[in-house]
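What follows is a group of structures, each given as structure tokens.
You will see two complexes here that share chain A, one where it goes with chain B and one where it goes with chain C.
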Partner chain A sequence: MKLLVCVKQVPDLESRFKPDAAGVWYNETDLAFRMNEYDEYAVEQAVQLREKLGEGTELTVLSIGPDRVVETIKKALAMGCDNAVHVQDVAASGKDSWQIASIIAAYAKDKCFDVIFTGMQSQDRGSAQVGVTIAEQLGFACTTTIVGFDYDNGTITAKRELEGGIKGVVKLKIPALVTCQLGLNIPRYPTLPNIMKAKRKEIVVIPVADMLKEEALVATGSFHPPAKKGGGIVLEGDVADLVEKVLAILKDKTAVLR
Partner chain B sequence: MEATRQIYWNIGHGIVLPMYILAFAAIGVMVWGFWQRVPVWRQGKALDRFSRYNERIKRMLLEVFGQTKISRVTDGGLYHSIFFWSFLVLFAGTLLVMIQADLLTPLFQFNLLSGQFYKVFSLLLDVAGILSIIMLAGLFIRRFVIKPKGLEIVRDDYIVLQLLCAILVTGFLIEGVRMAATELQQNPALAIFSPGGLLVGQLFTSVPTATLLTVHTILWWSHFALVLGFFCAIPYTKLRHIFTTSANAFLAPFEPKGSIATINMEDETIEQFGAVTIQDLTWKDIFDADACTSCKRCQDRCPAYATDKPLSPMNIVKQIGELAVGNPAGNLIETVSQDALWSCTTCRACQEICPANIEHVNKIIEMRRNLTLMEGAFPGDEVRTAVSNIEVNGNPFGLAYAARGDWAEGLQLSLMEQDAEVDILYFVGCYASFDKRNQAIARNFIKICTAAGVKVGILGKEEKCCGEPVRKLGNEYLYQMTAAENIELMKAYNVKKIVTTCPHCFNTLARDYKDLGLDVPVEHYSTYINTLMDTNRLKLTPEPFSFTYHDSCYIGRYMDIIGQPRNILMQAGGSITEMDKNGYDSFCCGAGGGRIIAEEKLGSKISEARIKMAVDTGTPLLISNCPFCLTMFEDGIKTGGAEGELQVRDLAEIVAERIAA
Partner chain C sequence: MKTLLIGEYREGKLLESTYELSGFAEKLGAETAMLLVGDENSLPAYNGTLYLADAVTCGEYNPDLHKKLILETVQQENPDYIVFLHSSYGWDLAPRIAASLKIAQISEVIGIQDNGSFEVGACNGKMRRTVKSATSRTVVTIQAGAFTAAEPGGTPTVRKLTADGGGRLEFIGYEPAEQKEIDLAKAEVIVSAGRGVGKKDNVPVIAALAKALGGELGASRPVVDAEWIAHDHQVGTTGQTVSPKLYVACGISGAIQHLAGMKKSDFIIAINKDKDAPIGEIADVLVVADVMQFVPALTAKIAR
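Let's look at the complex of A and B:
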């Protein structure tokens, strides 16, 4: 079997975000990058399936972006992926979900993948569209936000997270694509021998121009912090005074006591 | 009448040959016993512990004959030392008798054991014998009657105590019977130089001589048989420690305390990291198990054991020994248990007190290395997150690395990327950089330096975690990755001197980074401030306060910095009330060994135990000089209910408040 897992490198959310010069995305200065959290679940699930199927199964990791994404690819390799593809694109962050999905679909089209794993969404753009769009373009069965995964004899049984805490179970025939949600698994910490092995694995580099034939369908209008809507107040002092102060605030600024 | 005695009296010189044959046979059994042990030790990996043997021999002689390590703890230790010296005198005396009887007399017809010398010799041996028996009785009562908590009673304890006792008692009986038949009748004036024999001899004065002779013969052979038994028993009982514990004084490392083998990450042939079977340990680690006497001093001082966690350093050493003999292919980590391994704070209290020079901490780290590097295991999910935070943002909190230098806003210091011409580089560390409470320490330290006219530089957002917590948790790879970045940076800035406020950064930069190529003098602020004061660059206006001081493990035990911080605090006007556990015997705060990033889920809280000790001094103020300790104590005061009773402050805060205008 052939498996593909798509990963995105995103800035750590604790970083300090500033708009870039054009004001349509973030400036990368002082940002720390890491693998998109949901993609970590995808990699872990893909590796688990790879281990379950054993010999004869090949797991490829793919990432689109500038050279820095190689770090993320290496992490996926260290976690247990066999092959790696780096679609080199210094302007990946400016592309919309349609273009990103099209790049991946163009790559996957003639590779006969049986199962494709992606994260539910990225932590930075958060469109949650790339996975489903790839599936659509490739004509794969697809399910999203999975929190449980099982594979047996050509059928995937996936547990999905639905609204209001409800879970649903779906069965898909391969070829299929799943997008992974928090709770699916605990991503493994790569062992040192695997980190060493990952360093020696070849990463196939493909220029984005070879894969991308589509125009963007969505344009980002602006990137800016939300306007400040008042801050929190920390009250300190004697408990008796605090009670008075809280009461005054509740009377003054809220409707709860009216 | 000349003062001497007839050697082989009633036994005759005829037994010399069979006696020597039997003695050598017994020694043969002993050597054979140890020889059989060699393959057990050799299961471990190679390790050089034979270089600089002159120093090693010197150290061994001092520790063994000076009883320097065992005597540090009075309970048990004092009895042991006095017994050792007394028994040594008896052994030497017996050797002298042997030399006299079988060398001096037959070859030179010279009697050394006569006259005044004999009197002294005889008295000395009798006194030694009596002392030995008293000490044995003390040890017997301690083990079987008082039964100190944690002291096990095993088969060997019965054998060893009874065997030694029987040898000593039969010795006195032989002497007494001989004296009853000879000295007491012929030369009573001489008998007072054998007080032990005299006491016994008087019981036999009414016994007919012929009976005495028979009894004497039986006793002599019994005594001899017991001595032979003693030699034979050495390798097969705890008596082996006579040789193995002594050998460990020879084999102890010369590396600075806290040195951990730096794994060569470039070596692609290594496929196995850390220890999961005893073969992954060094031969010395296995030998340590044979050097252990189960004195449980390590266990008594282990903060994890004291707070009901499943760790006893003594037990780990014992388990290694049991596997090495009984199940060499067995899984070491399963035997020891992950919970025990993760519970260690690497405080080194075990190793510091061990009279047998056993190296507990690195064994634990080796097993943790296996868990971390081979299994990707963590003590808990919070640690997984913290480690991932260090990977991404260079600090365990996961805060933006770019904010690392924010605490320094408005202070007089230089960012190295702007101006690297500084007197010292202050390696701030994660806690003083990001943790609100500890940022005050960083700011106060800068205030102190500014007052002393020291130009300080910091790396700001370029600095990363020194790697200490992850290294102690076994993640050598991440440690070396972050260390390499720090080192490259500091080399590029041509740093001349580094000062840290964190003992963990201090140990790592000063000792561990050397292995990775950084050779710059590194100081902890406790010694740095002390020097600033000694050289009058920093002047304080003392204000009186009373306090107790907590020795951080990595400052006291690891770096021998005990007096300097106390000196600073005294000069600042402080009067100290020590906790019972202080200096080298200090009790960990619970945060070492990477525990700072782990939740304490097992047993009770170590920090609360330490806070209780501080409260017991009756002083309102606990002073520490470690960000981890400070954090743990602030916590322990809250959760342990000591709020209002005790406050914890940092050395730098006390000093900064008293800078002379």
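Let's look at the complex of A and C:
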């Protein structure tokens, strides 16, 4: 069988974000990048399926972005992917979800993948569109936000997470695409030997121009911090002082301290 | 301007959140038609045309069939916007419609701009973007709670829809949420641990503050997913919804799904080392500090 997992590299979300020169996305200076959290679950699930199927199964990881995304691809390889594809695009952050999905679908079109895994959403853009759109373009069956995955003889049984913690159980036949939710599994930490092994694996590089034939359907006007609502107090400084201030507030504003 | 609103049912009942779609259309100043795959016995109070398919025959989760019904209705109504909630139903179905029609989709809208742009979140709620559709028709999903539900009223003019053909997904059934051993909804004080507490070994420090304040221990999702704290302590859209007198968020960034579960708390104190964390937008007090330094110091003072 042939499996594909799509991973995006995103900035550490604890960073400070500043608009870039055009004012439409974040300025990358000083940001540290890592694998999109949702995609860690997608990679783990893909690797687990690959291990279950054993010999004769091939798992490919794909990422679109500038050269820095190679680090994320290497992490996926170290977690257990067999092959890697880097769609090289310095301007990936300017593409809309339709274009990103189109690039992946164009790559996958003639590769006969049986199962494709994506994250439910990316943490920086958060459109929750790319996975489903790839499936639509390829004509794959698809389900989203999965917190349970089982594969047997051409059929996937997936557990979708719904609001309030209720789950919906669905069965779908391959070829299929699933989008992975937090908590689906416990993503493994790559071991040192696997990290070393991953370093030797080849990464196929494809220029984005070879894959993209679609125009953007959505345009970004601006990227900016939220308007400050105000109201709340911000306390900063020495811990002992902060404790005194918070105690005073608790006594003054709440009935919990008597 | 015209919108086609796609509401939701769960286990035969109309979801209240469907009215938020009308709230969005009102804010947009647009006419509406509605489409529901649901049940005649649980119709919305709504003045307008309601395209209704039966969930018993079409399924509550059957994306292939629901897509077909929506596309037929789009032909009939010619809407400028096709509007879903950004929910497990909406984010699953919306991109299928957008891709089929090859039109723009704008996800998780939180605001409407005067110039036809929409405001959406970015970077886990820390930042915002304004975006504009480049196609004449647009699919929109709206963030839960971002648009005030319209005052329900009226009786819909029902137009029945039928669909045949199965769809590729077989829906097996619902699984109830896990049994809860603690009911956070009753707690007067909740002290919650987020990923910012760093590791499982630090959780007792947060639990000690909860105890000193006579409250319960809550948690954000990553802490539960990593098995630092049991699932029934999770606060948020996929956990419990709480409204205690005091909510203390320790090392929690304030993602929308967490806020949805606790923003109705009477008084909110957040401890975060990041002054820009989105939790600051709803907290009454944001303490900019390291949780592992501040929390034990506070607990020691209270316990005395």
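A few points about this structure:
We take it that the second predicted complex is superposed on the first by the 232 of 258 C-alpha atoms of A that agree within 3 Å, B and C clash if a C-alpha of one lies under 4 Å from a C-alpha of the other, contacts with A are read in each partner's own complex, and residues count from 1 in each chain.
Heads up, the rule we're going with is that a contact is a pair of C-beta atoms (placed from the backbone, for glycine too) under 8 Å apart; a residue touches a chain by one contact, two chains touch by 3 or more.
For clarity, every value in this text was computed on a predicted model and none was experimentally measured.
Using the contact criterion defined above for the overlaid structures, shared-chain residue A:Gln9 touches neither chain B nor chain C, since it reaches no partner. When the two structures are aligned on the shared chain, A:Gln88 is found in touch with neither chain B nor chain C. Looking at the shared chain after the overlay, A:Pro226 reaches chain C, while chain B stays out of its contact range. Touched residues of chain A were counted for both chain B and chain C, and C has more of them.
By the touch criterion defined above, A:Gln99 reaches neither chain B nor chain C.
By the touch criterion defined above, A:Tyr189 reaches chain B but does not reach chain C.
With both structures placed on the common chain, the touch criterion links A:Ala32 to chain B but leaves chain C unconnected.
Of the two partner chains, neither chain B nor chain C is touched by A:Gln45. By the document's definition of touching, of the two partners only chain C reaches A:Val170; chain B does not. Comparing which residues of chain A touch chain B with which touch chain C, the overlap comprises 14, 16, 186. Touching chain C in their complex are the following residues of chain A: 11, 13-14, 16-17, 24, 26, 96-98, 101, 121, 123-129, 132-133, 136-137, 141-145, 157, 159-173, 182-183, 186, 215-226, 228-229, 231-236, 239-240, 242-243, 246-247, 249-250, 253-257. Across the complex, chain A is touched by residues 268, 271, 273, 372-378, 381, 384, 387-388, 391-394, 398-403, 461, 476-477 of chain B.
On chain A, the positions that touch chain B within their shared complex are 12, 14-16, 30-34, 186, 188-193, 195-196. The part of chain C that touches chain A in the complex is made up of residues 10, 61, 63, 86-88, 91-92, 94-96, 98-100, 102-108, 113, 117, 120-124, 126-135, 168-178, 188-189, 213-215, 221-222, 224-227, 234, 237-239, 245-246, 253, 266-267, 269, 274-276, 278, 280-289, 293-294, 297-298, 301-302.
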